[in-house]
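Single-structure report; data block below.
Naming follows writing order (A, B and C), and every chain is counted from residue 1.
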């Protein structure tokens, strides 16, 4: 592979990765020597610096990743504080409620209940530390199961999840029951996973716009 | 409904008709109405186990085509009522207009497909906020109480009266509408219970209407009923139509 | 703020955002005019292209975001195993096209154009987040009206619904109209037409031969 092509491929892979990627993995993906990867990455670091980019490439925690340039921190902070909504959208709150009452629960099951893809909402809730991965579905597909965190309890001012008001006297819709049951039937887990889209950046944007 | 999703070639009557007319690109003018009707009927025959609603739509078009053809076979066209004649041509023009519209969106969908294929080659960065800034993020649960979580859960899971079973929100459900709906539903699922059918209903009145509709179907010999014990589940089995029953969903054609 | 600083700040903010960010928000955070933001972003797009970067800056679904260069898809796919959107059936695509061009539109209206019941397809499209309920028909029946979502725009890589190719482009040509018309014409009329010579075609063909 040409160096030019390798350079582009490394930039592309690092752009979509949410964890630092080590040189060996890059070497393997690109089928080039590890030393070549290191050389390219060093070059990239220098180029971004020379071009005064707002991002930097760093070698951290055993791998390469993109980060914001430290001098840009004030703008990023501003974006964090002002650019984002300070309230959960009603869609996000409903998803959080489903997780709180039905944990451990898979993305699939939540999305079947909500009738829309919930990836973006899950990502937000996870990033805010309100929910976390609590296990894997033992069935085929090994779907990640989510549950609420102690931060969630703390923010709600309760000690334990059982302190939430009970769901007694409440009959969920047939579709909800089916979604919950479906996810627990091992033979259907894989099937459902397959048909599930992995998307949804847009949904949250929509939700949040609508909820305002 | 399964037919619609799974069919490899024709997603509907217009689809089929379009195909039959346009398949022979070389001899455009060779295409004869008679040939189309024959091919059309052949195709319908091939579709075994198609659900009733879909089959009806196909048959309706076949009927229109056959009527067009048979009028032409009459020995003396002057015998025809002028009004009927005009109505027939109007019917034909309508069919033509629909075919053109169908073709338009068919081609447009190919453009959308091409766009989406291009777009799928590019992967967005979804990494999100860096750890160092996470602490700054506002607490989104500010002011949210346990009760609010409970209410949100109910909002998310409460049975929705306007599921997907109806074309429009059922403000007031009539027995006639329910009969029509049940014909469509039962022809697909074959056997079910009244409890199953009414589990998503919200009003008691709706259950009663369902019950009356089921009785109506039973009276007409379209379904069979059985109840093993008193107050037990009422099992409904689909038998099907005899020739002179007519529940065709022609309304679907009114644009 | 200096353009150089604004440029860096925009790069930094876009790096940490997981949804497309619109120019107005960037303008607000940076306290510069929106037109300036747009100018900078256009410049960045060109720079990345000129430098043969593995990532591109795009304006999609109403905002700017980083994504990988399409030519790098083979490498990125090796790395990102999930996320390949399952293909839509042609029935689903055609329904989606009708909704995209005719929105807001009711199930009934779509059904009339497709000539088939569209309930199942609508459900699929809704579950994937490509369409959503955008309102209710004010007329009798209060039919639910559907429209496309910003996820749909994202999936198509366009910024706005008006970026779709105009529907007029797809109106069948005269040949198709004739074929359809001929197809629905009683047989003896068709025969008559068949005997008509296609003179014009022949003449044009001749002309071109001569002009060479």
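Going forward, a contact is a pair of C-beta atoms (placed from the backbone, for glycine too) under 8 Å apart; a residue touches a chain by one contact, two chains touch by 3 or more.
In this text the structure is predicted, and so the values were computed from the model without any measurement.
Pairs B-C and A-B differ in how many C-beta pairs touch across them, and the larger number is found at B-C. Chain nearest the geometric middle of the protein is C, using mean C-alpha positions. In this assembly, the C-alpha centroid of chain A lies 26 Å from the C-alpha centroid of chain C. Centroids built from CA atoms put chain C at 26 Å from chain B.
The distance from the centre of chain A to the centre of chain B, with each centre set as the mean of the Cα atoms, comes to 37 Å. Shown for chain B are the residues in touch with two or more other chains, namely 123-130, 133.
For chain A, residues touching at least two other chains, in rising order: 12, 15-17, 66-68, 76, 123, 201.
Contacts from chain A toward chain C in the complex involve residues 4, 7-13, 15-17, 29-30, 47, 51-55, 66-69, 71-72, 75-76, 78-79, 82-83, 111, 115-117, 120, 123, 194-195, 197-206. Of all the residues in chain B, the ones that touch chain C in their complex are 1-2, 4-5, 7, 11-15, 18, 20-22, 25, 27-34, 36, 53-54, 57, 61, 65, 68-69, 71-72, 92, 95-96, 98-113, 115-116, 118-130, 133, 162, 164, 167-169, 171, 252-255. Interface residues of chain C facing chain B in the complex, by the touch rule stated above, are 15-18, 55-56, 58, 65-71, 73, 76, 80, 83-85, 88-91, 93-94, 96-98, 100-101, 107-109, 111-124, 136, 141-144, 154-158, 164-165, 167, 169-172, 175-188, 190, 193-194, 196.
Taken in their complex, chain A has these residues touching chain B: 12, 15-18, 66-68, 73, 76-77, 80-81, 84-88, 90, 92-98, 100-101, 113-114, 123, 127-130, 152, 155-158, 163-165, 167, 170-176, 201. Looking at the complex, you find that chain B touches chain A at residues 123-130, 132-134, 136-142, 144-160, 163, 199-200.
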